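What follows are several structures.
Both of the next two complexes hold subunit A, though its partner changes from subunit B to subunit C.
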Partner chain A sequence: MKHTPGWGLLKGLFETARNFVGSYYQPGRLTTIEYPDERLPVQENFRNFPMLIYDGADPERGLRCVGCKICEKECPPQCIYIVLERDRSGKVQKRPRLFDIDVSVCMSCQICVEVCPFDAIKMNTEYELSTGDRFGALLLRKAELAKPNEYYRRLHPTEAAEVDARLAAAAQAKAAAQAKEQAKLTAKPAKPAWSTQP
Partner chain B sequence: MRAQAGDLEMRGAFAAEPHGGGGRSAGSDAGWGAGAGHEWVRPAEPVGRLEGEWLEVAMGPHHPSTHGVFRMNVALEGERIRKLKPVFGYLHRNHEKIAEGTTYLGSMPYTDRLDYFCSLTNNWAYALAVETLAGLGVPERAEYLRVITGELTRLLNHACLVGFLLHDMGTMGTPLMYAFREREKILDLFEALTGARMMCNYLRFGGCRVDVPAGWLAGAQRVVDEFPRFLDEFENLLTTNEIVLARSQGVGVLSGALAVNAGITGPMLRASGVNYDLRKVDRYGIYDRFNFRVPLGEHGDVYDRYMVRILEMRESVKILAQALKDLPPGPILDPKSKLRGFRPRAGEAYGRIEAPKGELGFYLISDGSVRPYRYRVRPPSLINLTVLEELCLGHTVADAVIVLGSVDIVLGEVDR
Partner chain C sequence: MMETLDQLFVLLKRWVVGEFPAAWRLWLSPLIDAGAIIGVFAGLFAVTTLLERKGLGRLQNRMGPNRVGPFGVLQPLADGLKMLTKEDIVPRAADRVVHFLAPIAMVTPILLAYAVLPFGRNLVAVDFDAGLLFFFAVGAGTELAVFMAGWSSRNKYSLLGAMRGIAQMISYEVPLVLSAVAVVLVAGSLSLPSIVDSQAGYHWGWLARWHVFTPWGLAGFILFLIAATAESNRSPFDLPEGESEIIAGHLIEYSGFKYALFFLGEYLGLFAVSALGITLFLGGWQAPVPFLAWVPSYLWFGAKLLGCIALFIWLRGTMPRLRTDQLMNFAWKFMLPLVLVNLVVAALWHGTAAWGFFGAGATRWLLGGAVLWLTYSALSHALFTAPGRGPRTYRYAD
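Let's turn to the complex of A and B:
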């Protein structure tokens, strides 16, 4: 191609002018938004930091987590800390007394969510977590991590519908199994406890 | 600490030559720049018109042109570079040793952080190595999704690199912002698919983590359809710009023979005219099904490296169009793959792919436990950087900046 000196320069300048003028008319060319005043909608699959899901109204009682510590073990940067509840006699209960996630260490990889067999830990999408407190404010405790299932449904509707269907099916199967057991028991009642006494 | 030691050694090396072997030890060479026992002797043959003492300049680690924390210790005669020593290690994060202490799955999110522009190709290379080790298959749909995300990553990486390169040449921001505008569209796709813009952590051994959400493929198709328009715009902007031509042609010439001997891979090797693309040579995944060409350069200078990347983006668009058209339905994960308690049989494997920057390989040795016994990354950025001195010798400082820009490094991968 015959090259006229300066032509390449002019072509480039024309392109910038086209972009400059175009940004007034074509929304595709305007990519910035005024952040605190307007926000982009959060994508459904977006993940930020983990949260714990509870059913019902009581975050203590309805917590799905049974404290199996699988997520604690599998977490690559080891940011989860779990201590199990014990009753008065010192027997280990199936729920966590402490469940801390250090979100300053967490790298949002979602592996805890994938390995959890109880659908108890899911990813939150909250991203405005900056704080002036250097020590402790980014260590989320169980009370801050616990979120109702409705909240999860609102964040990830498709995923939550899947999980709810799976849990409902499991609950139904369990109820059916229990009913069967019950029916067996009523058909052939066990020996009453008092009869074993002398 | 390592960087410091290297720095001292390098001073020794610089000092050693004029004095004929004196001052080689690091301790005796404390007079860096202060003049104490440290005097440059004029080189034997006069070079250029300027006759004077050499000046040592440490470009970086905090230098905007070094694409991260990277240092080039250059010895200058006037403005000409007479010696150049790359110093890296400032971003060393112990990736390989951490991976030896964690499960196979646990390293997957860490691979995102190697070359943080291309997390999906990093995932792919690692997944490929583990799949070779464990003998896992990958379902058809997952292979296609890997190709789609991998080629989108290539588009994103090359667009950004070209933007950075032109920014280094002094086009203060405009092309970089245009490139970032396109990158943002691709990152939005990644976020909708994987949940994160950059740290995707998407692939699993034997497939992918999730299937595409509704409407994602249409969005990807739109981005792919619009991308050639962006490329045309970009080429109009700067490909024939006289200043770009004057700055980049004949600068940083890398001969094909040297490139092969130094183990250079990727667009940098192809810009030197060597036809070597792992997608064609190795045919990993399903690349043999796509119709695409491998662009080659002729001169191996900075301009060829720029042009090869532009042409590669055009070829990637072709691959993407074919992959999006042929994407079959079906499962996305091999049923044999499992998340917890994954123990590949004892043995070793090397998985490599054509990452946007070159051949990215993972070498794994398994002893049959849940952790790899040995884990090694072959980073294209680091190995492509080894010829930096040869490329820069005799050029000016400003040329060293664009030569480094054209090598395409990400310090996360260089230092690991």
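Let's turn to the complex of A and C:
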């Protein structure tokens, strides 16, 4: 039977007929997600475009970014643009005044995230970014990029926990070092090095 | 009462024509016929595009269109609007006149072919003595349209598609016509209504005397269906369009309404050739069982037509496309010998019709079936074991 010519065609026809009937009473067969009405849950390690993380409640003051411009230099398609804040005397501050990412150029490579020494830039999972204004609305400004740390935790729980632990440990170590320094200072006032010589 | 219902459209037309002065009647009658055929089959075209998309989806575990209207039933309307509002683009280098004429040359002959098809008892536009011949003669006109489209577009893909189309349609025209010849041989007539009449009545009061229940009729019907699929350029024989290799072939430079006309022509061709298959092998408008003979004849015809369309959709959802050499081998080395043997079997069947001993019918069946089956096995064996054929061995993929 198996070697009768034409048998394969009949088998194929039977298979598609089974699909046809089955698709009406076995909903599991239909893999379609009817997108605007229903969506797939976003995977934890999905990434789309970068965002800037801030701690606390104020997106301006809590911003982790210190404006070191490493990401700007490393970004392969050069889609990050940073201008540093200056105080009234013109001295540069450790804060970006402008931080723009052109998402029409960004290729989601995550290199900016890899190189940032301050865990300030992370990948967002937002993907419904279509807009009628293709120049203005695709250039994301600092205010649109700034996202609270809780948001980051929600998107990438595992990664965020690791980053939080590392930052907390660093903060602790820094506090301990500061305390030690303080203690040293109060115990014996520092003398100039030359004063120990006779 | 049922008699009136059965003849409803015939009586209706007679009444409408009778209302007009005698001088007009000669012109009015064919106009009404043409209008009815165009209206009904264009409507069927719209329904079929929806059914096809839905059915294909389900055959492949997809949903199919379900956005426009409840369950997507208004999809044909949306498609039609889209087609009508698209820009009509003619390539600068194209032969404008031929490019314009091709879609018309596609649809007109097919509509002409409908004239000789009996859709119900007495429901035929022209009862033509050589109806079958007329059908094939005008049906062959679509080949010209395909080549006109391909040639005039001045595009290499169009030309390739048109050449494939011509080669395929001419090759498959032969088995198509020869499988119909078997019916002519037995029925002894070229007129389609009388071919339907030759299938009237029932064996032992329940088995319809359709040609498909004879060995040559069964084989002939299958061969006819295969050739019809190729003739109407449908999957698995959709090489002229071959989206993945020559990007819709001869249709590549058509857009908007002209494209829609080609599309319409293709579907109308499919309906016409299915209707012919029904007329030749499936008893036309006859009921399959005697106790359902009261159902109006055109309803039976419509049901059979929808069944055929469903079969074509099913085939399209299942089969992968053939290669050109496979297509040609299949036509000339397989279909043609088989259809010739089928002709012999039909002659045998016709010659032994006078056998009266007990079990004569079964003997004839077995005899005819055995000849056909042996030919089929031998041919496919020969094709599969011919040098260079057979299962492929892959050097790196295994």
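Convention: the second predicted complex is superposed on the first by the 179 of 198 C-alpha atoms of A that agree within 3 Å, B and C clash if a C-alpha of one lies under 4 Å from a C-alpha of the other, contacts with A are read in each partner's own complex, and residues count from 1 in each chain.
Here is the rule we go by: a residue touches a chain if its C-beta (ideal position, glycine included) is under 8 Å from a C-beta of that chain, and two chains touch if they have at least 3 such contacts.
This is a predicted model, so every value here is computed, not measured.
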item	value
Subunit C versus subunit B on the shared subunit A, clash or fit after superposition	clash
Subunit B versus subunit C as contact partner of A:F46, first or second or both or neither	first
Subunit B versus subunit C as contact partner of A:N19, first or second or both or neither	both
Subunit B versus subunit C as contact partner of A:G56, first or second or both or neither	neither
More subunit A residues in contact [subunit B versus subunit C]	B
Touched partner set for A:M123, first subunit B, second subunit C, both or neither	first
Which superposed partner A:P5 touches (first subunit B, second subunit C, both, neither)	both
Partner chain(s) touched by A:E114 [first = subunit B, second = subunit C, both, neither]	first
First (subunit B), second (subunit C), both or neither touched by A:P157	neither
Colliding region between subunit B and subunit C, picked from 279-287, 315-323, 333-341 or 351-359 after the shared-chain fit	315-323
Doubly contacted subunit A residues - partners subunit C and subunit B	5-6, 9, 12, 15-16, 19, 29, 31
Footprint of subunit A on subunit B - complex, ascending	102-103, 105-110, 174, 178, 181, 184, 188, 191-196, 199, 201, 209-210, 213, 233, 236-245, 339-340
Subunit A partner contacts - residues on subunit C that touch it in the complex	55, 58-63, 314-315, 317-319, 376-377, 380-381, 384
Complex contacts: residues of subunit A adjacent to subunit B	3, 5-9, 11-12, 14-16, 19, 29, 31, 43-47, 70, 74, 76, 107-111, 114-115, 123, 158
Complex interface listing, subunit A residues touching subunit C	4-6, 9, 12-13, 15-17, 19-20, 22-24, 29-32, 34
